[in-house]
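Next come two complexes, and both contain chain A; in the first it sits with chain B, in the second with chain C.
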Partner chain A sequence: MARINLNKLDPQFKHRVADQPGGEGLKACFLCKACTAACPIQPLDKRYDPRKIIRMVLLGMKDEVLKSDFIWLCSSCYGCQEVCPQNVRFTEVMYAIKNLAAQEACMPPGLTAQRSLLRKHGRLYEVGEFENDKRFKLGLPPIVEHPEDYEKLLPDRPTGV
Partner chain B sequence: MEVLLYLGCTVPIRNLNYEVSARLTAQALGINFRDLEEFGCCGFPLKSLNVEDTIVTAARNLALAEREGLDICALCNACAGTLNEVAHQVRTNLELREKINRRLKVVGLHVEGKVKVRNFVRLLWEEIGVEGIRKAVTRPLEGIMLAPHYGCHYLKPSELNVGFDSPETPKTLSEMITATGAAVVNYPSLLDCCGGGLLGMSEEVANAMAARKLIDVSKTGAHALVLVCPFCNVMYEGQQKKIAKSTGLDLKTPVVYYPQALGLALGMKSDQLGFKLNRIKPTGLLKIVEG
Partner chain C sequence: MNSKIGKNLLKNMKKDVLIIGGGITGLSLCWELACLGIESILVEKAPYLGGHVSQFACKATQTCQRCGACVLEDYLSKLSNTGLFELHLNSTIGSFSQIGKKFSSVVSHKRSQIINERCDDCNLCSKVCPVEGALVRPSFDSKLYISNEKCLNSIGIHCEACAQICPQGAIEFGEKTKEIQIEASAVAICTGFTPFDATKKARFGYQRIPGVLTTLELDSLLRTGNFEPAAFADGLKSVAFIQCVGSRDPKLGANYCSRICCGVSIRLARLLKNRYPEIRLSIFYMDIQTFEREFDKTLDQAQNEITFIRAIPSEIRASENNRPEVIYNGDDDLKQITPFDLVILSVGIAPRDPDLPKSFPVLWQNRDGFIGADENDVTAGHPGVFVAGAAQGPKSIADCISQSILAASRIKEYLDRAKMGEKL
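Coming up: the complex of A and B.
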């Protein structure tokens, strides 16, 4: 990683993360690294390191965090959250960070595609005759799509901004 | 007892063996599953984009269940975890509840967070119990060795599962396996995450995560790995061939859902329990049980 340019740091970034739902615990972190030790991703991909991500957020490295690929590598296993002595709830902090990235339009296309499917079908998979035929043969009741509510409940654009 | 069966998106399309065996075993044990056609996605896939969208989506399903006055039984750990989390948030955070109810108004629903949401195995453990299962077993799975895999969202975050199982030393699934007459196999990577959550982001890392458990379990000589979640199944069964190829190992670890094993112990036939849909056939297991 390049040297940090102090002039490019955003002192408000940590407050923005902490203000997101789930981000509340961020500032309680005392950098003990229990999260990183418990993380199953970190040994396999060094780019994803919970303590490093917290430090970057606290320093105000907004672009380096939000525009990175590594924030999308959390598997949501809650390993970090369970061992944290400060109740930072890092799995939820990661969701807060990803939500902010989405607000800045930095998100993997797969996730927006899933969201469109949900708005259109109310489910992750479209259910047609083929699927219900398979179910019928096993004596299972048909699946009926009810997308109406999903279209009404979820705003047009992914982040509601 | 009567509960609403929450199928979610994946199980009723891709894991019919899980659904069929869960319905059959529940019925045999006196649990009445009621279907609710209006149930849709739990909201989990939206969480990375917008947490509040997840909350409102989950709350819609919870509100539908409240209207029926029944608790929810989910087959997927992500569905159970998300609905349970949101029920807790709506119940304890009045400000959030009001905000979500304002959004739910457009579909004519209202949520209080009153329903209890449990994974099927948790429901069995709490309502039927180990003894109840043992008494119902007519064909003990003697000579069968099974390796449990709980899945992260079955146990964690533990703050949402107070009084249930321990994330460090879980026992409920192991005890439910023992109740069928099978032996539980322990292995070093028991607590490992399947990696399913990042399959869409990095197949390489996800596969590496699943590989460790598959290697461990194959070394124990277990007849099958036992799951309670379709996402874990994507990794351990769906990706197994690819993992075997990339690691150069001869992996052929059968993967079964808990109610499939339970059904065999209750005297049901493998055909009824959807074993034809298991992609890595548990031939050794079925040979011992059915001859």
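Coming up: the complex of A and C.
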């Protein structure tokens, strides 16, 4: 494993994560590894290890966490949260971390593309003539896109800051 | 000792101290008080003395492992030679009142339904009994007792299965509850704990997957000599212990360390290793807590015999051939699914409802549900009421006894001051 440069650690990072909604339980972790054992992603990609992510956050490895691509691998299955004896609610902690990453403009390209789709169409999949024709034949009402709300929710700059 | 029970029934008794609970704390307190010349009345709900400790096996390997289980027999034999206490088995505190500095209480006594002299220990009754655990054998050399907590008759359902099959006619029903009036100057609550209910940790498959037991069950099997490795299809080759089941688990309302389970598991594992050297032993833990004196030496020795795995499993499931499989994340960050012949859940200590009448002075509960006492002390906030042992919080046998010694000196102090008429 790469060396950790103590000078680059951010001692405030854990507090920032813990202050986010859902991040509250972060500091209660005992490192018992029940979450990692329950995680379906960890066997596929060892970089995504709930226990290690918590350790990294507690150490203050802000850049290594927020700028990584592995934090986006969480499948939100809530398995970790289910087995945690300490009520850490790790899936919620992951949302807190991902929100912080978005604020720091550390979103992966895929998510940025999804964001612009939402802004443009108000939904992740564009509905065009073809789909509405099919719906008409099946006797279903047409779908009208309402991107207006999303324009308000997702401002122009892709970072959201 | 049992012969003493019948003598003073229905007699108004005056003694110095009423001890509620006949486990290791109650017994050692009784003995300490007797040493100070203070008379006491011991009230025990079960039909036998010793509480949980009476189910524990001696865990000596080549040398003594200092588990403390044998201390119970010491106290029983010491107490049987002293006349300074009255014993009431099968009894509960019925009502309670306080007049000045005197406590008076009615103890209701249920008659033990197997008559010891007639019983020839054929064990037929326990074979026909519909309720598991209603007929108990506290130790392998004792006779059977009917547990008044579990017997159907005690909860109002008529059942005479055991009485009908008994060839000696040793089982009798229909005895009415007898009540005894008691007066005492002080009360000591030694009601102990209840083991954590492992079914609450549903992912560990207790009572669902064969081969998943609790430490208490294994201890009891070893004590009674019913532990049979040969009963396993391919023999007993691997045993896993899982720590912190019902301890350090705020999700299940147990946000505390039970203090004894690491010691219990390590001693049991070493005992198994000593008896069956070919067994592969693993202990899954999050951190080993060594509260006991010089326990680090035992831990050092244990590390040569047992694999310590620093991981709590996420799940225990049944394999295809119905053996328990432990799913955990190993030291090399790989997800492991390892089958074991036997998985022992190291259950924690949970608070027990002392089952006292409503007229009893209200005891405060601490955050975890144990009876609150002043810190490092045995006083419970009411003059004359004392709390000792595991009723206060998780404690080992040695801790319970040292607290009894403290309680005895506090009670002596209290009684002396009360006698001199001091304001309390």
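In the analysis below, the second predicted complex is superposed on the first by the 158 of 161 C-alpha atoms of A that agree within 3 Å, B and C clash if a C-alpha of one lies under 4 Å from a C-alpha of the other, contacts with A are read in each partner's own complex, and residues count from 1 in each chain.
The criterion applied here is as follows: a contact is a pair of C-beta atoms (placed from the backbone, for glycine too) under 8 Å apart; a residue touches a chain by one contact, two chains touch by 3 or more.
What you see is a predicted model; the values in this text were computed from it and never measured.
In the superposed model, A:F30 makes contact with chain C only, not with chain B. Of the two partner chains placed by the overlay, chain B and chain C both lie in contact with A:G79. Looking at the shared chain after the overlay, A:G110 reaches chain B, while chain C stays out of its contact range. After superposition on the shared chain, chain A has more residues touched by B, the comparison being chain B against chain C.
Contacts of A:G122 after superposition on the shared chain: chain B is touched, whereas chain C is not.
Common to the chain B and chain C contact sets on chain A are residues 79. Across the complex, chain C is touched by residues 28, 30-38, 42-43, 46, 49, 51, 79, 83-87 of chain A. By the touch criterion given at the top, residues 20-22, 40-41, 44-45, 72-79, 81-82, 89, 91, 95-96, 98-99, 102, 107-108, 110-112, 114-115, 118, 122-125, 127, 131, 134-135, 138-141, 143-150, 152-155, 158-160 of chain A touch chain B in their complex. Against chain A, the residues of chain B that register as touching in their complex are 7, 9-10, 12-14, 16, 19-20, 23, 35, 37-38, 40-41, 45-53, 55-57, 60, 103-104, 106-107, 152-153, 156-158, 167, 192-193, 195-198, 200-202, 205-206, 208-209, 274. Chain contact summary for the complex, chain C toward chain A: residues 203, 244, 248-252, 286-287, 310-315, 327-329, 333-335.
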